[in-house]
Amino acid sequence: MLYMVQMAVKKPHDIDSDIWTDIITREREYGQTYMKNGQFPHIWRVVGKFANVSIFDVESNDVLHQILAGFPLFPYMDIQVTALAEHPSALKK
Amino acid sequence: MLYMVQMAVKKPHDIDSDIWTDIITREREYGQTYMKNGQFPHIWRVVGKFANVSIFDVESNDVLHQILAGFPLFPYMDIQVTALAEHPSALKK
Amino acid sequence: MLYMVQMAVKKPHDIDSDIWTDIITREREYGQTYMKNGQFPHIWRVVGKFANVSIFDVESNDVLHQILAGFPLFPYMDIQVTALAEHPSALKK
Amino acid sequence: MLYMVQMAVKKPHDIDSDIWTDIITREREYGQTYMKNGQFPHIWRVVGKFANVSIFDVESNDVLHQILAGFPLFPYMDIQVTALAEHPSALKK
Amino acid sequence: MLYMVQMAVKKPHDIDSDIWTDIITREREYGQTYMKNGQFPHIWRVVGKFANVSIFDVESNDVLHQILAGFPLFPYMDIQVTALAEHPSALKK
Amino acid sequence: MLYMVQMAVKKPHDIDSDIWTDIITREREYGQTYMKNGQFPHIWRVVGKFANVSIFDVESNDVLHQILAGFPLFPYMDIQVTALAEHPSALKK
Amino acid sequence: MLYMVQMAVKKPHDIDSDIWTDIITREREYGQTYMKNGQFPHIWRVVGKFANVSIFDVESNDVLHQILAGFPLFPYMDIQVTALAEHPSALKK
Amino acid sequence: MLYMVQMAVKKPHDIDSDIWTDIITREREYGQTYMKNGQFPHIWRVVGKFANVSIFDVESNDVLHQILAGFPLFPYMDIQVTALAEHPSALKK
Amino acid sequence: MLYMVQMAVKKPHDIDSDIWTDIITREREYGQTYMKNGQFPHIWRVVGKFANVSIFDVESNDVLHQILAGFPLFPYMDIQVTALAEHPSALKK
Amino acid sequence: MLYMVQMAVKKPHDIDSDIWTDIITREREYGQTYMKNGQFPHIWRVVGKFANVSIFDVESNDVLHQILAGFPLFPYMDIQVTALAEHPSALKK
């Protein structure tokens, strides 16, 4: 089941740089866990922003929330979730 | 799996009244089908508006879209879907 | 009498973590008091956000405000209240 | 129990003028019924707009919706309802 | 001459609590001065918010600004002013 | 007493051109009545729009509404009123 | 080069149904041309709306505009284009 | 003196196609007059929209308004004007 | 050449009060320089806000930006500029 | 390939002034690198704001993001990117 997730990072200008570096490092590792298991098939950078457009493929709303709330950057992101369905014009599911 | 669905009806002022009456009649019948089978457990009227707040309980995003797109009022509604997850403070699932 | 209440938590990034942990602990206890007495029948997590959609069932606007203003997180939340009425298509009250 | 209700009239430019005159006439009579019985204690015109700010004093959300949905102008208005509570600084209830 | 004034308080999370308590105390005294002299006939709490809907009855825009700018909370509030006129459907002025 | 009034004209594309021409003609005459008597001291065109920024100088909110509601274009305009006060840095009142 | 394109269809309620059916038929054929040649790799339905989220993979802004402007539904759609770049956390380009 | 002008065309779906074709033809001729005389040095299409971003180089706000208000599409466009100044980092004026 | 300039001051709650007092003092002196030379003919306070509506009369966009960017409060203001043109209904230029 | 890029600087009021001066100095040098190589052909100041409207001419979305993300002010800017295409009315490409 697919969802579009739009994440925009809001970095506090006065956050400690070591703390931030650590968060970013863990963010990548965390995200790649779900990229590798197929639940996070797409991520694209929005040009000009510290933001992304992502596609998640998970079995339920609850699983999606657990994944998103676990991101190390979760407290610093504005996240918008859009539930997606199969489009009748798509060539294949 | 739960979703909050907010529907606001935009009635064209120049629509034929018989056509509109027919749509409204079929709308109720259609909605009650899903209320009875448990997929549409809650609907509340928003005070002061031709709009509602609804809760749907369905197995997937695709099923939700099929139900919503089938409403006779679908072409005349602005619909917002919010995916919901279990809240950690809730007394029971 | 029903209301939809949408609460979004805005955690200050530089708040003391012990203070915050204490607030969150008291928040759950506070909320559950009203869940148990029937005035707070539903709470759902909004997927991807530190936010919820809640339903309150109270006897007046004043009682609702007293409950909401008493939440330990009240100073850190953006709250939207929507007055609800019975929907004519609902199967039962 | 008090509510602020903000009503903005959206008159279709191509509506029949006799129909509109009739609606406006009935609107006043309808509104005055509730002004006289005490449920509609205040109405003010918003300067520069075909809109008003009103205060309703009714016993429930359902009663408020029934009154508002009964206005002859209801299909032509955008209505916003704000639930009000007693303010702690007010001199008297 | 009437105005609707909507005030929303934005409390900085890191403000000194004694300073804040002092501001709130003076705020009530200040507001009640105008409630007693008839220039501030109504104030209602917006349910779920640290905000109010108020009605002022003063002789000019300048007097209204002087009163509003004198509120101890003025630097911490977002204020919206709406000029009101007599409504033709009102029972009496 | 001063007000800034912003008027934006929304011309229906299918309105009869003779009716429109008549409205525009009467609009100018109407506006100039108040320009000449000093209640409408300034009007400027917003570059690129069928809209204006105007300053009115009238004795009350009610008088302002009566003037604005009397404009032949009133049903076709979106009007925003901003109450103005004397600025402390102004050279003279 | 990737773009997210969000298309929302605004069907006029009084459009001739045969004309509309023809547009929809041609829309699918037109879209599938680009799905088959690889320039339109993804399309998803937004749940609850006559809208989609699409991904285009084309060589330039000009080619993207030519494809979008050629859609039979183009005059009836609100389209938002977001330029995408490779995300540093993506597993592979 | 430079201005950015953003024009978005709002074509009424029920406008006569011959009238529209005539407007579009005259629009191009009109625009090219100012492109050739140097007052309209840049125009770009916004990808995915019937809209453009334009740069005008004229001697005053009044001249800009006269040019914009003369566009045959003026009644069907939403226009936003942004006054521009020389940027201190630009290589040359 | 005229412009409407809307300035809203955003005072940081934790700014040093001596620094702020100095900025405000210099702000008045700076503004009055341009009021006296005729480039800043009008300034009005927006009722209920730390904001103003101003009219500038300068020879170019560049001059306007230089004046605005030189205000001591410039870093603390949100400024909106609207280019104005002569209105055809105005009594005189 | 052209893009309009709108950059608005959000300077934190409590940032160290030496750090800020250094960022601004490097910003100019960085920007001029791309102005000189032809990828950043236009930059204009938005009158009244610490913001600009820029035109970039680069070969891909990825190159544009790399340039934008490399600006020393990137963490302090709100950036909006609009993909542009050739306009059919333009005199020449």
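Order of writing sets the labels: A, B, C, D, E, F, G, H, I and J. Residues in every chain begin at 1.
Rule of thumb we're sticking to: a residue touches a chain if its C-beta (ideal position, glycine included) is under 8 Å from a C-beta of that chain, and two chains touch if they have at least 3 such contacts.
From a predicted model like this one, the values you see are computed outputs, not experimental measurements.
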item	value
Steps needed, at fewest, to go from subunit E to subunit H via touching chains	2
G-J or D-F - the one linked by more C-beta pairs in contact	G-J
Subunit F-subunit H separation of Cα centroids, rounded to whole Å	26
Mean-CA-position distance for subunit I and subunit G (Å)	45
Contacts with 2+ other chains: residues of subunit C	2, 14, 45, 47-48, 61, 64-65, 81, 83-86
Contacting chain pairs - touch in the sense defined above	A-B, A-C, A-G, A-J, B-C, B-D, B-G, C-D, C-E, D-E, D-F, E-F, E-I, F-H, F-I, G-H, G-J, H-I, H-J, I-J
Residue ranges of subunit E touching subunit F (in the complex, touch as defined)	1-3, 60-62, 64-66, 81, 83-86
Parts of subunit G lying in touch with subunit H, wherever the complex brings them together	5, 12, 14-15, 61, 64-65, 68-69, 75-76, 79-81
Of all residues in subunit H, those that touch subunit J in their complex	2, 4, 27-28, 31-32, 35-36, 43-48, 52-53, 82-91
For the subunit J and subunit I complex, residues of the former touching the latter	11, 13-14, 45, 47-50
